[in-house]
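Below, subunit A partners subunit B and then partners subunit C, in two separate complexes.
Let's look at the complex of A and B:
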């Protein structure tokens, strides 16, 4: 099912008694393609959970419209929207067994008992929890609870599956395992899925599309690969990628950037207005340690397995780049570096907009 | 030689030694003294007393130990009446007050504004003196000017001699009992309701559940431990009913000595009839009944622990 969001806005009354409102989601428009996995990404407080709750119908919208395919669902209650919801702490009913939990949405729909058990068992097999049907939630591990929560959301065959920070309660190893599981389950069921996360790595590793938000405003909505290779603004460039992108603040002069605290000019093929304050952003893997012409000083080096992560300075700016393990430098070495065109972006310092 | 087993405190590496026990002992000492003097000693005395035959209070003499007091009270129609009436009272008052409290608590829990005010209002009966409440109830039950008869008048029902007619003795003490049981029950249920994570309601709504489905499938089962706890505590306290007889009937068991309760019987044997042995024996019977419910509570509480 295709999801279309038009000028979606949510305002909350402020907690203090000034009577002011806080805008959690600001005139956001987007279209989620059918059968895709979409990540709502952003730092905490950016409105991504609010977005999800409006999609599910738990939270009424202030203004704007939500369409499922061509149907306006903006005013529909959660039960009429055919959405499956997975909560951050799973919210499994503690007094029901795994089977009863999965059956619950069908029980509410008054599906016959044999039929709902058959369906629940089928879904349980898909999420690999068929061996635990008789257990209570308290007798399950975090990962198993997560699977039950997904099964409960899927059993009513929702047209849209919504997951709110589904992995944040799991330990690091399980998180990676479960995110691949979510990917597999989503592929197998083919249901359009939206999941909320603040972890860019989680988002980039499993989603087809990423919608990045900041303070209620959509920053970029594009295919996962594009958001890394083609960030719309400085915030996006900074938020996506680990290690984070290098940022060199300076002035644009003579077709290059003069970094703060340095007299050299870094040549740059991207055009900006002369004397603009700019930020040159470079991905760590786009730093070249051979054939460059900008002078840098090495601060530190860390082994990251097959290659080294070099921490160095250009003027006042600290940067990081990857180099081959046989690259022969040490602390204090003066080096010449350059930047690849790919993974190099120029932004206006004041507005964050990309040139 | 086998190594001497060292006893340690639970969840701690500290060893239990005579020295380490001094501080906790000092802390609990004042309370323990009170408990020993006012609870443990009287209880042991009462157990002994219930087996002493022909005990005389002033001389402290008795003819010997035996089951005479027990056979005597079980042959006393007043005691049998007391057991029956008390059981009937428990069976009426506990479920009714629980049902009303549940309604009120669910209502209070969903009230957004002035919740504190309402909670205080419902808690008031608990801190009001029994005598004052008794006065008010005597007025409520008044044949000519009482509020109950006034309301019955609206429905065209004839006035009732609430306190004078023996047919209405049970009803009168039950209404009083239900009313006085409400605050404690409501507070406990409300606490139980507030302990339910609202995420379950949200989840149920997302699963398509309506208010009625949520109440029966989520609220009630999750409140079950609290419901069981309050019911059993209320059963125990209802078995000890006698204050209503005091305030409504001026220390008589009903207008025509028609409604004994176990505690009233005990009181009566002790103060009015000077049969201390009978009083002690009836106390032991009541103790056995209440102990049974305590055991039941422990059992059920373990069954309804859904968390950890």
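Let's look at the complex of A and C:
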């Protein structure tokens, strides 16, 4: 099912006594293609859960419209929307066994008992929890509870699956396993899925599309690959990527950037207005340690797993770049560096907009 | 073998003595009820009746319709408790889950009504019942006691502690408010509900003053009233009085023995924690 959001806005009365309203989601428009996995990404408090809750119908919207395919569902109550939702804390019914939990949506729909058990078992197999059907939620590990929650959300064959930070309660190893699982389950079921996370790595590894938000405002909505290679603004460039993108603040002069605290000019093929304050952003893998002409001073060289990183300064700015393992520098070495065109972006310092 | 230290022994002895002191009046009641008039009054008292007799029970059942009293008590208690629980559940749900204008103010007013002492309500309740033409009926014993602000307050607090996400999950799973209440909230609140229900049943079962006021005829008496009336008939024949009292108390003790586990878990699981 295709989901279309038009000028969606949600304002809350502020929780403290100032009386101001908080705009959790601000005139957001987007279209989620059918059968895709969309990651809703952004720092904590940017309105991701609010968005999701409006899609599920738990929260009424302040203004704007939500369409499922071509049907306006903005005013439709949650029980009529045919969505599945997995909460961050899973929200399993504590007094019901795993099987009863999964059966619950069907029981409400008055599906016959044998039929609902058959369906529940089928879904349980898909998420690999068929061995735990008789247990209570509190007797399961976090990962198992999460699978039960997903099974319960999927059993009624929702048209839209919503997941609110489903992995944040799991430990690191399980998290990576489970995100592959979610990807597999999503592919197998083919249901349009919105996945909320504040972890950019999680978002990029799992999704077809990423919608990146900041303070309720959509920053960029594009295919997952594009968001890394083609960030719309400085916030996006900074948020996506690990290690984070290098940022050189300076002034645009003579077709290059004069970094703060240095007199050298870094040549740059991207055009900006003369004397603008700009930020040159360069991905660590786009730093070249051979054939460059900008002077840098090495602080450190260290390994992160199989890769080696050099930490160096240009003027006052600290940067990081990937290098070969046999690259030979020590603290204090003076080196010449250059930047590849790919992975190099220029932004206005004040507005963060990209040139 | 586990070593038993002195402290534990002393503790157990103290507990045993405490237990005996608590249970002694009951045992004495049962023993006395099986004595003869002469033995019951003899000095020094005997422990075990020389020839135990059930005659006093026969007398009690002959003189007063205890079975009828028992039936009345049962009807009143079951209906009172059932209706009160139903109202309490609905009311607690309304004030914890649903949102409507004035909700919190209405609830505060309700809670402040708890300040009015029961004795003050007796007269108004009495006139109401009489005007309704319910004087001397079982309904008069039931109708005024079909809701409880106190239990509503306790249950509402428990409902508030159930995470919102369960409610939203259930709503998204297709459940209406009504289905959510009975399929999710009530089962989760079962320990609290059992505690509240038992407390309520006990209060009903033992309620005395109100029944004296609104019930006149023998046919509509409940056990406590019946026993009270029986004291007149039995006069100073203590062994007969004791038999009557035993008849009233024994069903409650049996009930407790059956439900002991639930009562204890209900109370210890913090069913009454605010």
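We adopt the following convention: the second predicted complex is superposed on the first by the 353 of 355 C-alpha atoms of A that agree within 3 Å, B and C clash if a C-alpha of one lies under 4 Å from a C-alpha of the other, contacts with A are read in each partner's own complex, and residues count from 1 in each chain.
Rule of thumb we're sticking to: contacts are C-beta pairs under 8 Å (C-beta built on N, C-alpha and C of every residue); 3 or more make two chains touch, one makes a residue touch a chain.
Just so it is clear, the structure is predicted and the values come from calculations on it, not from any experiment.
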Combined model on subunit A where subunit B meets subunit C, clash or fit: clash
Subunit B versus subunit C as contact partner of A:50, first or second or both or neither: neither
Partner chain(s) touched by A:220 [first = subunit B, second = subunit C, both, neither]: neither
First (subunit B), second (subunit C), both or neither touched by A:78: both
Partner chain in contact with A:138 - subunit B first, subunit C second, else both or neither: first
Touching both subunit B and subunit C, residues of subunit A: 56-58, 77-79, 83-85, 87, 89, 91, 93-95, 104-105, 107-109, 152, 156
Residues of subunit C touching subunit A in the complex: 163, 165-166, 168-176, 179, 183-184, 187-188, 190
Residues of subunit A that touch subunit C when the two form their complex: 53, 56-58, 77-79, 81, 83-85, 87, 89, 91, 93-95, 104-105, 107-109, 152, 156
Residues of subunit A that touch subunit B when the two form their complex: 56-58, 77-79, 83-85, 87, 89, 91, 93-96, 104-105, 107-109, 136-138, 152, 156
Sites on subunit B touched by subunit A in the complex: 197, 199-200, 202-210, 213, 217-218, 221-222, 224, 306-308
